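Look at the two complexes coming up: chain A is in both, with chain B in one and chain C in the other.
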Partner chain A sequence: MCQAIMSKRKAKSVRKPISECITQLHKCLRERFCHDQLPSTLEASEAQHKHLLGLLQRTAIHGESNSALIIGPRGSGKTVLLKCVLRDLLKEKEVQKNLLQVHLNGLLQTDDRIALKEITRQLNLENVVGDKVFGSFAENLVFLLEALKKGDRSSTRPILFVLDEFDLFAHHKNQTLLYNLLDVSQSAQAPVAVVGLTCRLDVLELLEKRVKSRFSHRQIHMLSNLSFSQYQERVASQLSLPDDFPDRSFAEDWNSGVQSLCEDKSVEEILRRHFNFSRDFRSLHMLLMLCLSRISPVNPIIKPADVLEASRMCFTDSTSNMLHGLSILELCLVISMKHLNDVYGGEPFNFQMVYNEFKKFLQRKSNSMYNFEQPVVIKAFEHLQQLELIRPVDGSSAKTQREYQLMKLMLDNSQIIEALHKYPQCPTDIKQWGMSAFA
Partner chain B sequence: MSSSWLQQQRHPGYEEESLRRVAEQLPCREPQAGMLLSLMGEPKQYSLPCIFIYGHRASGKSHVVNILLKELEMPHATVSIAECISATLLFQQVLLSFFGEDAVAALPRSPSLSDFVRIYKQHCSRATAEQTRYIVLEKAELLRDMDANLLSTFVRLQELVEDNVSVLLLSELVWDTFRPNTGCLEPLLLHFPDYTKAELHQILSRDKHPSYSADFYASYIHILLGVFYAVCRDLRELRHLAALNFTKFCEPVAEGKATESDTHKLWRHIEPHLKKAMQTVYLREVSSLEWEKMQEVEMEASHLRGLSAHSHVELPFYSKFLLIAAYLASYNPARTDKRFFVKHHGKIKKTNFLKKNEKTSNHLLGPKPFSLDRMLAIFYSVVDTRVAPTASIFSQISSLVTLQLLTQVSHVDQLDAPKYKCAVSMDFICAISRTVNFDIIKYLYDFL
Partner chain C sequence: MKTRQQGEPLRKLKNFEYGAAQVDHENAPILLVAPLPKRSKRKSAQLVSSRIKKQLNLLDEQPKPDLDTEDEEEFVPSNTALYSSSDDEEMIDGDEGELARKGRRRRITERLPPRSEKSPSAARACRKTRSKKGESDTPRHGSPTIPSRLMPAPQPNYVLEVARTRLHVSSVPESLPCREQEFQDIYSFVESKIIDGTGGCMYISGVPGTGKTATVHEVIRCLRNAANADEIPSFHFVEINGMKMTDPHQAYVQILEKLTSQKATADHAASLLEKRFSNPAPRKQTTVLLVDELDLLWTRKQNVMYNLFDWPTRRHSRLVVLTIANTMDLPERIMINRVASRLGLTRMSFQPYGYKQLQQIIMSRLNKIKAFEEDALQLVSRKVAALSGDARRCLDICRRAAELCEHAVARTSVARLVGMDHVMDALNEMFSSSYIASIKFASVQEQLFLRAVIAEFRRLGLEEATFQQVLIQHQALCRVEGLQSTGVSEVLAVCQRLGACRLLLLETSRLGILQRIRLNVSQDDVLYALKSD
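Then we have the complex of A and B:
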C-alpha cells in the first residue's frame, strides 16, 4: 500500500519517455471518443438533466409512477443524458438500495415474448433458475402483472424501465408490452418509471390510442441549439487532457498545443464546415479520432495539416471513389447511360439500348480500340449492377431476358463528369464523348 | 520497399518483427494497412465501434485485414455473411472464436439477437478482454437482406455488449446503400482504392516462373495488361489469366525460334492468342482445363465450341412453329398482323404502315406481352397444314414455358386469356426457322 503511493508520487515527479506519454494520451482520448466516457457535467443540456433527475428521484424516493420520452436526433446525447442522470441518482444511498433497473433495447428485444423474458431475468424473479426463464408467454405476462399489481406505493421497491429505441417497441403486435407498462404506471400499483429513448419526432403517432392515453406526454427534447463558438470550445475540451494525467508537463504542453490549434484560421474554417454539415458530436468525434490516429511518437502534436487531411477523409464522396476504379469499358457504359438519361429524360433503359449507344460512338470514332464482343460488354454491365450503380426497375429478374431488363442509373450527372476528370489516363475521345451534352 | 508505416515509432505496442512480416505480405497496400493499424491503436486501447471498409473486388480488403489480425495476433472472428443463411450461424461463429464451445452450447435453438448479446455479455464478464476483439464481417452487403435489426445491432455492438469489441465491415458497395431508414450509428468509412496499372504490374510480376528470368515474366505481364486492362481490373482474374497463358508465351523460346529478349516476336505470337482468350476463358465459355489441353495439342483456338454454342435445342415440329409464332407476336406490333398474315387484306398505305420513329425499335425495347389468342392465330396462319387445336398443342405451349423459352406474364392461376412473352434471342429463332424452311426475317416488322 505504502509502496504503491510512493511509486505514484515518484511517477509524478519523473518525466516519462515520449512514447509512454503518447500511449497514455491515446488511452485517455480513445476512451472519450470511442467508448463514450461520461462527461462530468452536461453543459448543453442542463435543464433536461434537471428535469429527468427530478422525475426519477420522485419515483425512486417517493414511489411516484412516471413516464417520459427523451426525443432527439441520432448522436444528440440521449443515452449520455440518461446515464449521467442515473449516475447522479445512484449517488444517494437510499436510492441505490431501493431502485431496480430494467434496460430494454428495441433492437434486441424484437418481440414482446423476448422482452418479457428479459424483464423477468433482469428483475431476478422466482421463475428464473440460473439463467433460464420458464413458462409460456401468457404465464410470464400474468405472473409479471400479478407481481406488479400486488405491490403498492409505500412498500414495494420502485422499478425503472428504460426502453432504448422506443419506436421499435411501438411496432410490436398490439403494443401489449407498452400498454401494460404504461397501464401499471397510470394505476396505483407498484411504482414504475418508464423512460423511452427515440430519435423519431412523430413517435406519439405510432402509439395506439389506448396506449397513448396512458402515456403522460412528458417529452424531453434534445435538440441542440449550439452556437459555433460553443462547438469550438467543445472541440478544445474534447481534445485536452485531464488534470490527473500521469505526466503533468506533457499534458500542459499538449493542452496549450490544442489551444493554439483551435485558434488557427484554417482549422476554424474546417470546423465551421463540419458545423454547418452536422452538429451532432458523433461526427465530430469521428473527425477528432482521425486526427488522433495520426499522433505517434514521431508526430506528437496535432498540426492543422492533420485536421485538413482528416476532414478530407470525412467528406470524400464514396460513390466517386468507386467510379474511379471502374475499367474503361465500364466507364463507357456509364457514359452511354448518361446520354440515354439526357435524351429520354430519365426513362429506364435496358442493356440493348446502352450497347446500341456505345456502338454508335464506336462507329463515329471508327477505331477498333474498344470493339468488344457483346458477351464481354454484358459482363461489364453485370458488374455495374453488382456494384448497385444501376438498379433493376422491377424486381422480377428471372422473368425477362437479361438484355431486356429495365434499369435505372443511380448516379448523378455531376458525379460522372467529376469521375471523368479524375479518371487516371482517361482517353481523350472518351472524355469528350462524356462531356458533350448530346451524343 | 518503403517501410515508412511500419516503423516502430509509429505503431508502438506491436513487435517490430511481426510488423515487418506484415509489410512483406502486403505489397502496394502499405498506406491502407498503416491507416487501419493506427485507427485500431494499441491492443489494449479502445478502438472504434465500427469501421466500414469498401473498395472494388480484389482490392485487398480481406487480405489486409486478415494478415494484420493474424500476424499481430489479435483476437478476432472472421465471418463471411454469404455463408450465414441464418443469423444463428453468424452468432455461433462469433461466439466460437471468442469464447469456445461452451458459449455456443449456451445458445438456445433459433436464438434471437437478445440471446446472443446476453451470452456474449456473460462470457466476456467472466473472461474480460485484455485486447480489443475484432469481428470481421465479409460481404457485409448481405446483412441488409437478413434480419432488419442485424446491421444496426452489429454497428453498435460495442455499446450493447459493453466490451472492447470492434466490428469491421467489408463490402464492395458504398455505405449509402446500407443506411437503414431510421438511421443507425455511423461507422468510419475507409476506402481501399483500386490498384493502378503499375501496381498491378508489380504484384503480378511477383509470381514469376522459376525457369525464366524476372524481366521475361514482367514483359509478359506487360503484354497481358495491354490486352485485358481496358476490360478487367480484377487482380484475381488477371492472375488466373496470366497463369493460364504463360506456357503459350514461352513456346517460341522453348522451341528455339526466339530468345527471351525478342520482345516484338513474342508479342506477335501471343497477342491474337490473348484476344481469343478474352472471348473464351474470360467469359467462362471454355473451362480453364479445356483451354490448357487445347494449348497442349496445338489446336486452333476457334475450333473449340464454347458453352453458348450448345444453345441449339431439338424441338417437335409444332413446338417450333409455336415458338416462331410467339416470337412474331412479341416483336411485331398488333396492328401490322393484318398485313403480314391475312392473305387478301385490303389496301394498306405503305406510308401509313411504316411509322418512321418506330423503325427498328422493337428489337431494342425487348419483347412485348401478347395474348394466347393472338399467338394461336399467327400459328395457324404460318403453319401450312391444318392443325386441330388439340390438348397436345396446348400442353406444348405450357412445356415451352417450363423450358423458359416462353414466359408467362400474367398470373399463373389465370386460366382464361393468359399472356406470354417470348424469351429467346434473334439468333436462336433464326436457327429454328431455318430447320423448318420458314423465312422469319420477311415477317418481322423491324426488318421491313
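Then we have the complex of A and C:
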C-alpha cells in the first residue's frame, strides 16, 4: 500500500514540500541505524561469510553435522553476519523447505531446563501441545535425545542451533546442554549445525574437556581490519539516501551535502577521534543518530557543527557532569577529600577526617559564610554516598558508626579540577582552595 | 551396528506390549499370555522370565528386515487408541488440538480398529494407570522423531567430498585400528562373565577422544554377533551416559526403562532394579551395563555408584558393569572406600594416540581413497599427537583441510590432492590463539590502554593495578602520542570493552575507577602484537 501511495505521489509531482521529504529521510535512515537493517553485501567480512555459508550449506544440503563459533568484540557484526548467511542460505528452495532452526540466547535461557523447553517448542516435537511443553526436565531431555538419535544423515531434516551469548551456556550446570548438542553433531544421528556467538576470546577455556573435545574447533573471528578512509566511506554510505527515495532531487541534494560534509576538515577530525576510540559500527550509528535527530525542515542538512555537538554528547564525562549539580557544601567536601587523598596517598578516610579538613579551610581562609552545623555536613556526606561518588571500603555498613566508616573517593583528580572550572558561579575562595594543592 | 539398530526397536516394541499386558494382569484376573505354574511365591519373577523368554522367541522367529516405518505404524495405533480412550475426561481440547495439528497421527487414528474390539477391562486398566501417572507422561505416547526431509540428501560424488564424509567423526569404522589390545581385553572380560553367568565391574579411563566408547561399542557388537551365532548365551545391553541425565538418580529410571520399558520414579525404579538383580531367577540373561561419564554420577552419599557396583556382587545378578571416565585415579579421588572396593581392580586405561596411530586411523578411514599427500597426513598426526592425542581433533583438522582444498580446486579448477599448505592453514585456524590478532586489530585507544597497563605493571613491579593508576599512564601516553585528551568515562569504556573480550580481567564495573586490572595474556604477547604493526 505504501508503495502504491508513493508511486502515486511520484506521478503527481516530483518536487514535494520539504517537511515531507524530511519525514521520509528520517524514516529511511532511522530504520538503517536503529533496526539493524541487513546490508546487501558484507564487504568487511567476505571470508567469514563464505566460510560460514559453506558450513551451513553442507549441513542443510548434504546433512553433514558441524559446529562453529563466531567470536568477535561487541558490535563487530556477528549477528549481522549470521543473519546475512541465513538470508543467502534460505534463498535456495531446497534448503528453505528442509532446514529447521532453533534460536537460543544465553540471556533468556538461563538454565538447561528453560533451554530444553525452548528447543522442544521451537522444534515442535510431539510432546508440545499448543505452546506448552509437557513432561519433567529429565523426560524432556530423554525425549529430545531419543528424537535426535532416531534421525540419520540422509533422511532427517537438518537442524540449525544458534546459541547467542554462547559463553553463558558454558556456565550451566555440568554443561549438559552443550555436551549433548555437540555430541549429536559428532555422532551418526540427526544432522545438526551448532553455531555459537560470543564476544569472549577465552571461550574455549570455559568448556569442560569432554565438551571441548566434541567441539570441532572451527572459530570464525570477526576482526575488522578497516582503515580510516574505509571508515569515512562507511559514514558517507550510511548517511546517503538510496536510489529509490521518492524525491530524486532532494536525495541528490542530500547526498552531495553528505559528501561535502565528509570532506570537511573538522568533521574528519571528529571522525578520526571516534575511529581511534572504537572501530565498531554500533557506536558510529549512535553518533550518526544524534546528528540525524537535529535535522528538521528549518535545518535540512547536516552541518559540521551538528557533528561536533553530537560527538560532544557521545564523549561527555558523566561523573564530572554530576559534580556540576552538587551544592557548594558538597563540593567543599569533595575538595577536602581530594586533599586528603593527595596528602595520604589514596588511603581511605572517614567523615571526621573530611570534616576536620573542611573546618581547617574555614578557619584559615574564609569568613563564616559556610559555617554549617555538623548534622548538615553529615547529610551532605551521605548524599555523596548515595550518588556513589564515595564508597565504603568494606560492605559492612551496620557495624561501625557512620562518622567513622572508612570511605574511598571514586573520582579522579582531573575530574574534580574540570568540574571546578565549569561549576556555575563557583566562589573564588573555594576555587582557589580546590586548586591550591594541585601543584 | 546394523544388528543392534534392528534389534532394539523390535525388543522395545514387544516389551511395550508386554508392559501393557502386565498392567492388564494386575487389574483383571484373566491372563492373556500364558498359563502360569502355580507357585504363588515367585509368581511375578516367573511371569517376568517367561514373558522375556517368549518375546525373545518371537524375536528370533520373525526377524524383520526393515522395522523403521511399518512396525512403527503398526505399533502406534494401539498406542494412540490407549491414549485417546484414556484421555476422554482429562484433556479433550489438548488431544483434539494435537490431532488436528498432526496429520500423520490423525491418519493413523482413522485407520484404527473400532474401540469396541478392546476388552473393557483393558481400557479401564489403562485409564487407571494414566490417571495415576498424571498428565506429565504425554510425551510417552508421542513417538519422538524429527520430521524427515522431502528428498534424501545427495550422496557425495567426487573424491574430496567422499573423503570429507569419511573423515567426519560420526562415521565410525567397522573395526577400530590401533585399539586391538584393549578390544581383546574388554572382549575377553565380558565374554567370560557372560559364559560363566557371573557379574563383574570394569573401569576404563582415558582422555577424551581416545576411542573408549567406540571400543566398548565394538565389543558389544561383536558379542552380539557371537550371541546370534549361538556361540555364547544371549544378553541384554543397556547404555547410560552421565552427561545425558539431569540428575544422577535418573540413572535408575533409564536403566529400568531400557530393560523393561517401564516408567517409574527414581526411587521406585531403584527398588525394582534392586529386586530384579538380587532375586534368583532361572534362565535369567546376563545384562551388560555401560556407564559412560561415570564422574557425573557422583552424589554426596554416592548411593548411585554404590548400587551400580554392588549389584554385580550379588549372587544372582548376572550383571556386568563397564564404566568409562576420563581420569585414571577417579576411584581413589572421589569414591568412598566401600564404593571403590566394590569397583574392584579390573581397570584399563586408554593411552593417547601416538602419531603413527593417528596416521593409521586416518588411512583406514580414507580406505585407499587418494585424497591426501603423505606428508600432509604426517604433519597433522604429528601436530595432534604432540598436543593432545585426540583423534577427534585430528579428523576435524583433516576435514577442514579437505574443505580448504576443495575451495582452492573450485577457484583454480585444477584437481589436486590435499597438500601441506592446506593442512598448515587448517592447523593455524584451529590451534592458533586469537589474542594476538585481536590486539592487532583493536582501535588506537585500546592499544594505548594495553600499553598503559604494561607500563604501570612495570612501574609497580606487580601484575595488578587499579584503573586510577593506569589512567595516569594512559593520559601521559596520549600526550606523548599527540592524541586528543580523553575523559575518564571514555577510558573506562575502553577498559570495559577490553574486559568484555577477556584481554583484561576486571573486577565488577560498580567499583568504577577503583577496580583492579589484570592482563589475561602474557605481557610478551601484548608487546609482540603492538610492535609488529
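In the analysis below, the second predicted complex is superposed on the first by the 423 of 439 C-alpha atoms of A that agree within 3 Å, B and C clash if a C-alpha of one lies under 4 Å from a C-alpha of the other, contacts with A are read in each partner's own complex, and residues count from 1 in each chain.
Note that in this section contacts are C-beta pairs under 8 Å (C-beta built on N, C-alpha and C of every residue); 3 or more make two chains touch, one makes a residue touch a chain.
Quick caveat: nothing in here was measured; it's all calculated off a predicted structure.
Comparing chain B with chain C, more residues of chain A are touched by C. In the superposition on chain A, A:30 makes contact with chain B only, not with chain C. In the superposition on chain A, A:83 makes contact with neither chain B nor chain C. Residue contacts after overlaying the shared chain place A:431 against neither chain B nor chain C. Touch criterion met: A:199 reaches chain B and chain C at once.
In the overlay built on the shared chain, the residue A:234 is in contact with neither chain B nor chain C. Look at A:74: by the touch rule set out above, it reaches both chain B and chain C.
In the superposition on chain A, A:180 contacts chain C only, with no contact to chain B.
Within the superposed three-chain model, A:98 lies in touch with chain C and out of touch with chain B [touch as defined at top]. By the touch criterion defined above, A:221 reaches chain C but does not reach chain B. Counting contacts as defined above, chain A residues 74, 199-200, 316, 318-319, 388 meet chain B in one complex and chain C in the other. Across the complex, chain A is touched by residues 91, 94, 97-98, 102, 135-139, 142-150, 152-156, 164-165, 168-172, 207-209, 243-247, 250, 253-254, 293, 296, 326, 390, 392-393, 396, 400, 403, 407, 429-431, 434-435, 437-438, 441-446, 468, 471, 475, 483-484, 487-490, 493-494, 497, 500-503, 511-514, 520 of chain C. The touching residues of chain A, when paired with chain B in their complex, are 19, 22-23, 26-27, 30-31, 34-36, 74-75, 79, 105, 107-110, 114, 118, 121, 131, 167-168, 199-200, 282-283, 286, 289-290, 293-294, 296-298, 316, 318-319, 321-322, 324-329, 350, 352-353, 356, 370, 372-373, 375-376, 379-380, 386-388, 399-401, 403-404, 424-425.
Touching chain A in their complex are the following residues of chain B: 7, 9-13, 35, 38-39, 41-42, 44-49, 54-56, 59, 112-114, 117-118, 122, 147, 149, 152-153, 156, 158-160, 172-177, 182-186, 188-189, 191, 193-194, 196-197, 229-233, 278-279, 282-283, 285, 308, 363-367, 407, 409, 421, 423, 425. Only residues 54, 61-65, 71, 73-74, 94, 97-98, 100, 112-113, 123, 125-127, 129-130, 134-148, 150-151, 153-159, 174, 176, 179-180, 183, 186-191, 199-202, 209-210, 212-214, 216-219, 221, 223-225, 273, 275-279, 315-320, 346, 388, 391, 408, 410-412, 414-415 of chain A touch chain C when the two sit together in their complex.
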